[in-house]
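Shared chain: chain A. Partners: chain B in the first complex, chain C in the second.
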Partner chain A sequence: MTTTATDIRSSGAGGLRSWLERYPFLPALVILLALLALNGVFSPNSLSFRSLTGLLSTYMALVMLAIAQTYVVSAGDIDLSAGATLSLVNVAIVVLMERWGGGAGAVLLALALGVLIGLACGLVNGIVVAALRLQAIVATFATSIFFTGLALYVMPVAGTPAPALFWRTYGGRLFGVPFVFYVLAVLAVLLYLLSRTRMVTELLAVGDDQQAAYQTGLPVVAVRVKGYLLCGLFSALAAFCLTGDTASGDPLVGGKMTLYSVAAVVLGGSALAGGWTTVVGSLLGALTIGLVNSLVFFMGTPSEWQNFVQGLAILLVLMAGVLAGRRARA
Partner chain B sequence: MSSVTAFFKQPLVVALILIVALLYLGQSLSPGFASADQILRLLIVASLLGIVAAGQNVVILGGREGIDLSVGGVVSLSAIIAGNVMNGADGGILPAVLACLAAGAFFGLLNGLGVTLLRIPPLVMTLGMLGVLQGLLVVIRQGIPSGRAAPGLSAFVTQPFAFGIPGIIWLWIAIGLFMAFMLNRTVFGHRIYAIGSNEHAAYMAGVPVHLMRIGLFMISGMFAAIAGLCLLGYSGSSFANVGEQYMLSSIIAVVFGGTSLAGGKGGYTGTMAGALLLVILQGILTTVNIDESGRQMVFGATLLLLMLFYGRGRAMRA
Partner chain C sequence: MSKLRLNGVSKAYGATLALRRGDLEIAAGEVHVLMGSNGSGKSTLCKIIAGSVRPDGGHILINDKPVIISGPQAARVAGIGIFYQELSLASHRSVEENICLSALPVRAGLFIDRQALKARAARYIALFSQVAGEGFHAEALVGNLRADQRQLVEIMKALVSEAPILIFDEPTSALDRAQVDRFFEILRGLKAQGRGIIFISHRMDEITAIGDRVTIIRDGETIETLKLSETDPGTVIRLMVGGASDMPAARSSAPAVVEAQAEAAISVRNLSGKGFRDVSFEVAKGEILGLGGLHGQGQSALLRAIFGAGTVTSGEVAIGGERYDAKSPRDAIRRGCAYVSGDRGRDGVISGRPIIENVTPVHYLRDRLMIARPSSLRDKAIPALEAMHTKFASLFHPINSLSGGNQQKVIIARWLIDRPDVLLLDDPTKGIDLQAKADLFALIRQLAAEGLGILLYSSEDAELLGNANRILVFNGGSVTRELTGDDRTRYNLYQAAYEAA
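Right after this comes the complex of A and B.
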């Protein structure tokens, strides 16, 4: 993205700016806390441990998908097929688990294959966008149609149930703690480890200035492909969470989630143009979307108005996310 | 590069060759596909897409990552408004046209204001607006019946109007001529290319960049509104989210027409061919006897293949 206004880094900026630079997800956190408080005002019950656990397990899939999207956005790309990848992995693992009997071994093997399918989808996207140099928006839209076709081939109609072992584990407790918190903990460790790798730095360098990254000697094509691979991996993880939550397969389930994942990335304070992203922000952004939806419900909005109020509220927080993110980068 | 290769590298020429090839393919797969009647039907469907793509085209030409994801929502909204305003009576057509144009311009204005005043990236702004529009559709649907198209409007879209060709195809041709004139012969058109290629330079040269961009989003909203009105005439009554399919297909039509998503380069004539190409491809896939999953896979793969014919990004050079 070429900035038209001259960027002058103000030297005397206060402590707030340095805080924002170090923790770019702060605005998203503030929005999230405000929404939590509002939820508590309208329905104190919605802040109970039980409700929050429910919210987390419902929106964990969107959290994963938003993180998936963040890695491609880091490199200045976008993936409109993330939702279709999620659908494909969802139906594939449900069908495989069912075919292999639904035991623990079957579940684990199906999940392993699910990860491979996600990676394969990411690889396809990486090849068409980075190696064949097609425009990311239209090319990943085309691949999303292809992946949706594959998902429909694997499972023509929605409804095949996932084995009880799988969704009982996801929705249940382990040593008294809801399973979804273990998912969150593993995710946190994974994100921390990834943030220490050279790969993420390279993605950001490519997103910041592709030409400069190339001239510095970075293999730009390979870096962008890796971004799409990460996106495919996290889309597969998103599919696991979704399957745990819905307990069934649906070849079209992810279609609507793609645009929400982009919204969550922007809400979190990342720049869609690339080069400046925050996975923690995207995580908070996805939860924000969930909280907006629950707040609209708890406010007692008439059912026919709920979609409109949700749409309006998400547009407003999107604007806030963009403005706050820009303030942090300025 | 020789002039012959240059000729065959023009997006419009590529699209026209592909159109002829696809028609031939369709005809050989199912005889009668390229008959005059069928081609007219394909042209009607293509004109609906082409009209939406006209607005998408100017927004994309205007650059700064210009894109309008809300067109699908405006198409659906306009179809509902039109159905209710005219409600089956020819006398209601003119008020319906005005109401739809006003609605399209209004949402375009909101998009434009968000993109210019608040400097929200167009993708984000119009994505958010799409959510608002979809919510609005739910509200409207619960409150009032969906309404019907006036017979005059249906006839305009589906029946021969002049020289055996339906009115909507004439309308599309007129829009094509208008766009060609506007983009090539008017100051406004030249300014679109100017802000699309280098916004800062255009600003320095005195182009009212913000007003221009707001105008482009309003044009996009109004073209989507016209398409929604015509879509109502085509289907007789509106149903939920009729316009959803136009969101990304209008962008693909623009890309197949050789307009770069980076802005500042391209035109509408190619987009018209791109819209026709896309519609013919979909037409072939519906005539071939394969199930939905195979159809989608072939469609996705063909889109990717076709994109390879068009301007790919430049390879990195040191």
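Right after this comes the complex of A and C.
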């Protein structure tokens, strides 16, 4: 009896395995669809176009941050300062937009500066981790405190509002289509282009086996720094989405998002050890976290129990995803 | 004019002198063999040339011009391509990406030129298309390939550099005969183009087949360079081992094997699983049963399955007459099964940890040890290590500080603290030097004499012929022939292995 069981499993896993190799985000996708269905059961209204758009614009920031995290994880590193970078960019652009009058020119200029700030944060991390060879997890923890400090200097108290032009655009519609869908489309193109670059392949090769990559002749330090630069860039983009959604500056807003972004990366099917990542998975992982949160809300969980249920639900989803992946790979 | 010349190159890791004085001269159009026992400094020498290790002293000249090789990328630019013994592959990348990884073709300076990459990789994949085996194609992930196929990828990766100087540090250790033959054909072609090739192997027959000159390195020092046509294996080995010239000749002599006792140590009936099918045999106590044949014909899969690390779909295994189905290696170890793999990095070494921790894990398990006292562990570890003539500075040095051969001895020593009943050897001498091989086989015979049942798979026919009482020849996952007594000849072994291949 045992023998037949092994037979079935091994042959079944063989097919699934090649699928998973090609699309490592499949478990995340299945979980996402299941959560959507559950949301529909508890509150049919939550599946309306309007609420889904709302969900997307709320969690777009986490999607961006999870993608940012994915690129450093690809190279076998991690960035615990991604959330702090987000906060810093958030407060910086809000202050700049306000100071420059809140017109279209001011907004664009502030966004350009925001990108530069994100890249600068990435560069600092890259130098500290790759060039100075400090442990990524500790070094970026330290820089996160440092970036938070800067953010608090820029805006000591939360609450400065962003110009109406900015958040109305983000939350509004363009040619009848919600703006956030344009963001998603641009993101998709960007991710596609990035996936074709030499940089990303080299990131993955470094994350796979750093020594082997070095012996192959890859500039390992430069590659890892580029990973952190990409992370900084996407953290800045995350900050734009967040600012569009909350319409205000908050120097501490990103702190708790950092570990959510790591969780989203793992949920999506990437290996934290590096070399094996999927940005599409991270996108789905971030939305999964968003859906878990909304599900907890729609289930009518009492407010004091919401964190508890949220944590439990994420743990369950993580387990389901990891077990599915492990079984298929075994 | 010499293509490459090394004068007095040296390298020390902390207090260990890996290379004392490396001298080497490579001419255009030659295959230059480096010989020396493991830990003698061959690999260090190669890595210095390839730029992945910085020398402490000495000079490197390319085409008689002094150069400083600052890193692997600089070595590529200087015209050096290398095959790394431990491979330099990214396991989650595809074969073609790995082949081209050191210089990915790009468009607009940013995007990978997929077509150029495919075309470039395809040229080198085609070189081995006849012998690469099942499942080998351009888009396969390297991590899913067999060991010999991964080695082929590393060969292609060295070849794609089209460098005038090519280094092959044990490129054939996992290859089967057909693959080696094909590789040598290619090497001869490169030789004819005037490339300078450095070649390292522990197989004497390969060295005489392909080499023009040989440089012998002992204890980090270049001893001598000889023309292979003017010397004989005996001389080379004597130079390699220095004073102790009496040793490995025994390896090629008549199989001095112990007499088996009547009782079965392990019996396997109609065992099938992933990679092998319907295998039956019995190993008596004190017997060494050899598993022969080409690479990847199910020998390793069978050994791993018996050890609980592979899949068994039907059939049964009995140890000491008692039926047992290992569900995990943990299970197998408790039942007195020991397994030593040639792939130390994957199956044996606990990387970065001290030697003592590498010797004792099996003891922890078999003794159900909860709290360890270093002093009592040391008393158990030292005799086991000494039985293998292991060279080590202290039990608390990391295992990575040892040479490949000595690492393997530590791995074997871990099974000697609590005697197993059955020893499964899965190509245990892969990439270890002749001295260590001799030590290992002396020990294996002694263990057999003490009543262990031993299953030995080796990719080197001489090891099987010299040590096994019987040899089962595998082909396509099942046993096609059993060689006993006077049938155990090289001819029969070749013939049976190639029958259906």
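To be clear about the criterion, the second predicted complex is superposed on the first by the 309 of 330 C-alpha atoms of A that agree within 3 Å, B and C clash if a C-alpha of one lies under 4 Å from a C-alpha of the other, contacts with A are read in each partner's own complex, and residues count from 1 in each chain.
Here is the rule we use: contacts are C-beta pairs under 8 Å (C-beta built on N, C-alpha and C of every residue); 3 or more make two chains touch, one makes a residue touch a chain.
The model shown is predicted, which means the values in this text are computed figures rather than measured ones.
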| item | value |
| --- | --- |
| Clash-or-fit label for the pair chain B, chain C on chain A | clash |
| First, second, both or neither for A:Trp276, with chain B first and chain C second | second |
| First (chain B), second (chain C), both or neither touched by A:Glu202 | second |
| Chain B versus chain C as contact partner of A:Met319, first or second or both or neither | first |
| Partner chain(s) touched by A:Glu21 [first = chain B, second = chain C, both, neither] | second |
| First (chain B), second (chain C), both or neither touched by A:Ser48 | neither |
| Partner contacting more residues of chain A (chain B vs chain C) | B |
| Contacts of A:Tyr214 with chain B and chain C, given as first, second, both or neither | both |
| Touching partner for A:Phe141 - first (chain B), second (chain C), both, neither | first |
| Stretch of chain C, among 185-193, 365-373 or 473-481, that runs into chain B once the two complexes are superposed | 365-373 |
| Shared chain A contacts, counted only where both chain B and chain C touch the same residue | 211, 214-215 |
| Chain A-facing residues of chain C, complex | 50, 52, 71-73, 75-76, 82, 84, 87-93, 97, 101-104, 106, 110-112, 114, 141, 144, 157, 274, 311-314 |
| Chain B residues touching chain A - in the complex, by the definition given at the top | 65, 67, 69, 114, 118-121, 123-125, 127-136, 138-139, 141-143, 199-200, 203, 248, 251-252, 255, 261, 291-301, 303-304, 307-308, 312-318 |
| For the chain A and chain C complex, residues of the former touching the latter | 3, 6-7, 10, 21, 193, 196-199, 201-202, 204-205, 208-209, 211-219, 275-276 |
| Of chain A, residues touching chain B in the complex | 1-2, 4, 80, 128, 132-135, 137-139, 141-153, 156, 210-211, 214-215, 220-221, 259, 262-263, 266, 272-273, 304-312, 314-315, 318-319, 322-323, 326 |
